[in-house]
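These are the structures in question, set out in turn.
Two complexes come next, and they have one chain in common, subunit A, joined by subunit B in the first and subunit C in the second.
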Partner chain A sequence: MSTTTAAPTELAVHQVDARRMGFFTDTTTCIGCKACEVACKQWNDLPSDGAQFETGSYDHTGSLGASTWRHVRFVEMLDPAAGGPGSGHPGDLDLVQWAADGDGEGSGPGAGAGVGGPASTGVLGDNRWLFMSDVCKHCTNAGCLDACPTGALVRTEFETVIVQQDVCNGCGYCVPACPFGVIDRAPTDGRAAKCTLCYDRMEDGLEPACAKSCPTDSIQFGPYEELVDIAQRRVATLHERGETGAYLYGAGDEPGEELAGGLGAFFLLTQPPERYGLPAQAQSPVQENVAPATVAAISAGLLAAAGVALAFVSAAHGQGRAARLRRRRRW
Partner chain B sequence: MSGSDVDRRPPLAGAGGRNLESRRLEDPPVPPPRITPEHEPPADPGEREAHWTHDPAVRDTTPAVGTAGQPASWGRAQEGADVALARPEWGDAQWSYLFKGDTVYAPTLPAEGQVPEAARAARAPDEIGTVQGPMIKPAVWTWEIPVYFWTGGIAAGASFVALACDLAGDPRSARVCRAVALGALAPSPALLIMDLGRPARFLNMLRIFKPRSPMNTGAWALSLFGALGSGAVAADLLGAPRAARGLGAANAVVGGYLGSYTGVLLASTAVPLWARSRLFLGPIFVATAAATGAAACRLTLVARGLPVGHPTREALGTVEMGAMAAELGLSLVNERRLGPTGDHLEHGRAGRLFKVAKAAVYGGLALRLVRRRLGPCAHHAASAAYLGAGLCFRWAWIEAGRTSAGDHDQVARMARSEFGESDRVRRLIHRRTRSLHRPRRAARAPRGAARAYAEAVRRTSLFVERIGAELGMCPSGNGGWCSSAAAPIYRLSKRLRFYTPDRSRPYPVGASPCA
Partner chain C sequence: MALRGHASIQGSTDIPTLFDMLPGYLRMPAAEDDLQSLEAYNAAAGNPKGWWVNYPKYSISLLKAWFGEAATADNDFGFGHLPKISGNHVHFATMLRALDGGLDGLFLMGQNPAVGSQHAGLQRRALASLKWLVVRDLAEIESATFWRDSPEVTSGELNTQDIQTEVFLMPAASHVEKEGSFTNTQRLVQWRDKALEPPGDARSELWFMHHLGKRVRAHYAGSDRERDWPILNLTWDLPEHGERAEPDAEAVVKEVNGYVVATGEPVSGFAALADDGSTACGCWIYSGIYADGVNQARRREPGDIADPAGGWVSPEWAWAWPANRRILYNRASADPDGNPWSERKRFVWWDEEAGAWTGYDVPDFPLDKRPDYEAPDGALGMDAIAGSEPFSLNQDGRGSLFAPSGLADGPMPAHYEPIESPVANLLYPNMDTNPVALRWRRPDNPYHETEDPRYPIVATSFRLTEHHTAGGMSRKLPWLAELQPEMFVEIDPVLATDRGIVDGGWMVVMTARGEIEARARVTDRIRPLRVDRRRVHQVALPWHWGYSGPVRGDTTNDLGVLSGDPNVFIQESKAFSCNVRAGRRTGASTARLAGVHAGQHIAVDEDDVLAENPKETPPT
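So, the complex of A and B:
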């Protein structure tokens, strides 16, 4: 069982009566309908990202950002051995060709879609889609919270991480400090924004909009311990049924192996994390680097000041002719 | 959900549910409303979008987290209004548990260690499959930040030089150098404020003291440096040399941090290039600061008529050259150590800037060697070249960080490998395909020792934070100290309406008033 509260390394962010609430996103039941994305945008009144057309993937909503707090990632699993046009890399995929080939055999690209779909038939073979509804992870050791210079990012009584929009001054430091690439600065608004785990709804005892809208309950919301329990049983069940690649990303790890101290929003995945654009290991970059980097920097600063002083003092003392001669010889 | 929608927003004119309710099925269908030309939606899609999504008459678009430029309001429009159908304690969330106990969703109990073992197998180091990015987001900073790194560096270097001049017994030059430090610092706050998404809220940087955030400590260092530097220059002008000397010395101490924290700031991110250079970025930036500061002081002092052969002039020449050489050496060592991660310093815009910077340093060193033949002008050109090189170096580091964050493969690889360890496979490929003198890994401390060291420093830093809490500075849910020193600034910010705490209730519940 992983830690269910913020680790003791986080100072002052664990409140006495805090109760950790979270998301468990089970990718094996996700059908990629993007209802969560729409529900999130509607509830939080987030602006449109504009029409975009991604080449190489059927996923046309890109990635998480300042105005996209839930994002359903499409993972095209292409098996080159099965005769698919791609070499397995999404960039190599010629969707038009793929669709045309599929039509020729009487099956569109959708025929092989989904876990357990009619695989190994037609030209598509084992090609299939995976879907994963990505969201802010609400880390125990949150990089954005550590980096924030104004204290706009805080931990709430639900142990989630939110941006106080009236404090954030848009310095942008949280953006590269997030090891998951979640938080972003809105170019029109100037402030950083990310998932709040529907803080406003939670205060009223309502579940977040995305979890509410999810038709297959791929997104589950609840008290953290309960969710971890369900998730662990789900992994065991899937293993029993032969899906041995199923694992939990961000919960249920042994101490010391957790991702960023344990994720408040964790996932059940069936492929290596990089397939879903997630890092295999993560830690708050600030907690990891700031101390050694500061030690190195300050020692260097002291050395530099000493060097400058030494150069001056020796130049002042070495005004004599002999010293100048010596210096000339050195050159 | 619909019930709370009603609570939050006024019903739309003409679109309320009342009309529908009063109608019965057997009633004849209502003809669609006639659309007069002025009610036609705009022909242009952009205008149509703006009309539908932003026109308050058509749709109430008050964002849940605040309108642009307005404070957040997470309270309800009507205080105490009930949410229809909502049950307390997330009771309605229980309804949507399709998979709860009584289904075949998750009946099996996991074996001991089964779940962590499965995660370990998927996240095991040194095996990496297809990476489907994006992984992390690049920094959003624009040109102001590298320029600030440069001017702040010059200021820090000039404060070192001023202290050294005082120590070497040259108060006249020290005066000038203190002025140079203040002058170089002057544009820095403006540059930083320009880069903010909300420039009017710049004072929020000082509303807390947060040792773990380099940007926060940097903002405090900048303020302190500005105050001490102004004090020193004022003392000089008022003819109080002892006070000026003392303030100048204090300023040099702060300058040591001001010149180096920028490197710490970059290192404390998830960007592979910056994070992997964490022990080198600070020293590199300090060296650049010392070199550019000395060069700026030297040019200023020469313009003010410092004679040839004066020890200060000699020493400044030595300092700028030595610091630039140290910077170059550190950069080269770091580049070799980084391996493929460092490629972003070699290609693209960053690569070009880095090459220009290196060429300027080499040119400066060469000019310095032949200065006896060409006269003092060659040395002045060398100083100018160092100044330019400093700017190019800073710019190249920021630019390379941007491309490094966009390199999904490398981000994934850094996460897979133990921190600081290099990627052997790619290195091998590189070595074979590119050149013979590819970087070789620098000697490293044993992994256990490195980890113990890192843990020790981390604990020390957390201890520092804890002192603040013990001293009664309220811990405010964000790892910072809301110290009494910061309180007046916070109040000023509030009075100037940079900070507008207009909420129906304080949040998070239980946090201190300064959260």
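So, the complex of A and C:
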């Protein structure tokens, strides 16, 4: 890679020979401790969003925003009695109905009367929380960056996308341009803010605060290609163990154009993406509105300017994987 | 001082914050012991067979560490000056004593009983009965502010001007702002260095106790009263360093390790301790932690991870008591003949050629005692332990699935319902609850009877990841507070529907001690139990909130009752009975103690006798 030619304004290059860096967030090892959320706020000096009690979940911070750059989503999975009548969908268990049905002697839970009562093994079998630590995806085709008229949003030498706070004029065009609902304007000064993949820490060779604080390594940080390799092996391991629903979201398990050309911060999921509040398809508005060929040309231009050819190789490689893995996808 | 819920619970038992033990699991002398001499104490506390035959070496070395030159054979090494326990001095009993006017002052170090202890309303009244109270914590916790903002004061039950407690709030250094050690459950003692200076007036516990001790001793200087002897003669000479005169924590490690009195040289381990006053040792089981004058707990050498002798044990990573053994009684990893039970898991074994025990760990057995050694009749001490008996601290050298003695109940496990339960004991119909559990029966500590129709619901308390115990370390931090901002109760949809409680709405939980309000979290995760063909509902309550700080809420512990398990006196009331309704609580106070005056003991019954008397604590 070379950075001897003048970088376009969209690129910030402080380190030559930098590689694409990213996050691999493995939801199967997340324990929902929210340490990443707190570590992110501490390192980046982000304020509390206030204390609001939310119903229905242990998640009181709700979503990503201008002052929440990591957010742990809690998805409650309550499986009714496996195999019992009316046990089609997780979360369908109607305890009130169960109580009405199960009042008489002999027809209560465990009596095998066909009602999925709490004492039957199926109910206790697959009750769990899905945790997902969400974050900016640092898209290959970043909608926010495409929409930014001031050049405040830039791609760094690590192929991450960051906001230059001192350039941002608060127009907010980036907000609807993000297919993931990540970027947000701060209520205080109106400027856009989001995860920087701890650009300041990376400049000093440190891993981002969230990955550093993760006690189970659910959040892994590193060179993108290495992370994809680790993630694919993890998927294979999970498949061997019978967790056949495991797949990668944003790293080659789908055509590049579906998920913003590939995600620098990608995820290992076990349920359809919508269950985690993630879109099944995600494109930058430019991709939506311009013929694919043109997109490719634009992307090629940008990337060539950055002197990064590896990402293309990776993307092409990813397409083959996507075709293979798409068969297993559940959405 | 209670340090429950912290990283060094093992350490706080080894060098105990418990009322009935001296360091290293030596017995605390009691006032009612028949004989008050050191010899009688040693004879009663030690054992003629097994390792405890060495008891006098440890108790005398401890007295030498504490009283230095003043401890001589002629004065029983100062044994007569040790405090004697005269009853059950557990937290609950002590707070009741305070409530009844029997306690002048209290130190709270890292504990917040106004929120974190059972029957918190009663705890706050007890704090209000003290003359003085020292609170050392990271933040201004409820136990330091109860006199101005507790529910009792807000409601007018207590008046601030009537509370005579003088509160001294002392800011504490956090664990990164002081040096010291954590002892984990494996008995591994890991040292940590100080990362930065504590802010402002915040100081380490060591600094606080050291300088408090110096000032106390200055007050007593020159006294010739016999009762002041232990204060005047206590060794209190830690070196200080820096602008803040911080005591040298490693000097404490050296005292804990033990040293030769004549030379000051650290001993190599507890085998070098003597019962003639020639050695001093602050905690015999930790002896060896400062061997060779090196803080062994500070080591960070993991060893060769691929090699069983390295990575399995990592003997040079920190230090484990006793004698750097990573697994206690590890001779049991070999069969009676001394061969590994499993070649794959070989750990400690008999080497016939060398005539010694060897292995990856430090063998927990006399190195040269052959596996086929038979104890002759009448043998004493370690000679009474056969070569095939690994559990050398027990008189018979054997492990027990059930302890034949030493427990207030047992030896066989049995099922009892909690002291407060909405259901009777189906297993033993004649005995619903543990008959030897501790109960403090008094008007201000009312119990629910089994199957009390007024309290048909099971309540259980739990902790959240986002908060730490009574919240002193987490509720004050906005980043943590926003993650779990408000007190809530988990309740099942059936009970919620029955009582008109809606998800996110207010609900009230009631016991005979108090009533608290909280947000309802209606969830299928909480399931009714079915007991004896009856449906029994349960509610679950986190207990992290209190009445001060940026996020506030009612305190779960306001509902609880003082009770204790019969052996270590830990609260028995992890589950208790209650009732619930929709809405907000009726009054400003969460407690129902108004009009119940302190000091009204009802007639002493057998339960009270148990509560007043300390348990027998044979060495373990």
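Just so we're on the same page, the second predicted complex is superposed on the first by the 219 of 331 C-alpha atoms of A that agree within 3 Å, B and C clash if a C-alpha of one lies under 4 Å from a C-alpha of the other, contacts with A are read in each partner's own complex, and residues count from 1 in each chain.
Everything that follows uses one rule, which is that contacts are C-beta pairs under 8 Å (C-beta built on N, C-alpha and C of every residue); 3 or more make two chains touch, one makes a residue touch a chain.
Here the structure is a predicted model, which is why all the values come from computation and not from measurement.
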Contacts of A:Cys33 with subunit B and subunit C, given as first, second, both or neither: second
Touching partner for A:Asn127 - first (subunit B), second (subunit C), both, neither: second
Subunit A residues touched - subunit C or subunit B, whichever exceeds: B
First, second, both or neither for A:Ser48, with subunit B first and subunit C second: both
Touched partner set for A:Val175, first subunit B, second subunit C, both or neither: first
Set intersection of subunit A contacts, subunit C complex versus subunit B complex: 47-48
Complex interface listing, subunit A residues touching subunit C: 32-34, 37-38, 41-42, 47-56, 58, 60-61, 76, 78, 93, 95-96, 98-99, 105, 108-109, 118-119, 127
Footprint of subunit A on subunit C - complex, ascending: 464-466, 478-486, 488, 492-494, 497, 503-504, 519, 521, 523-525, 527-528, 530, 533, 535, 550-551
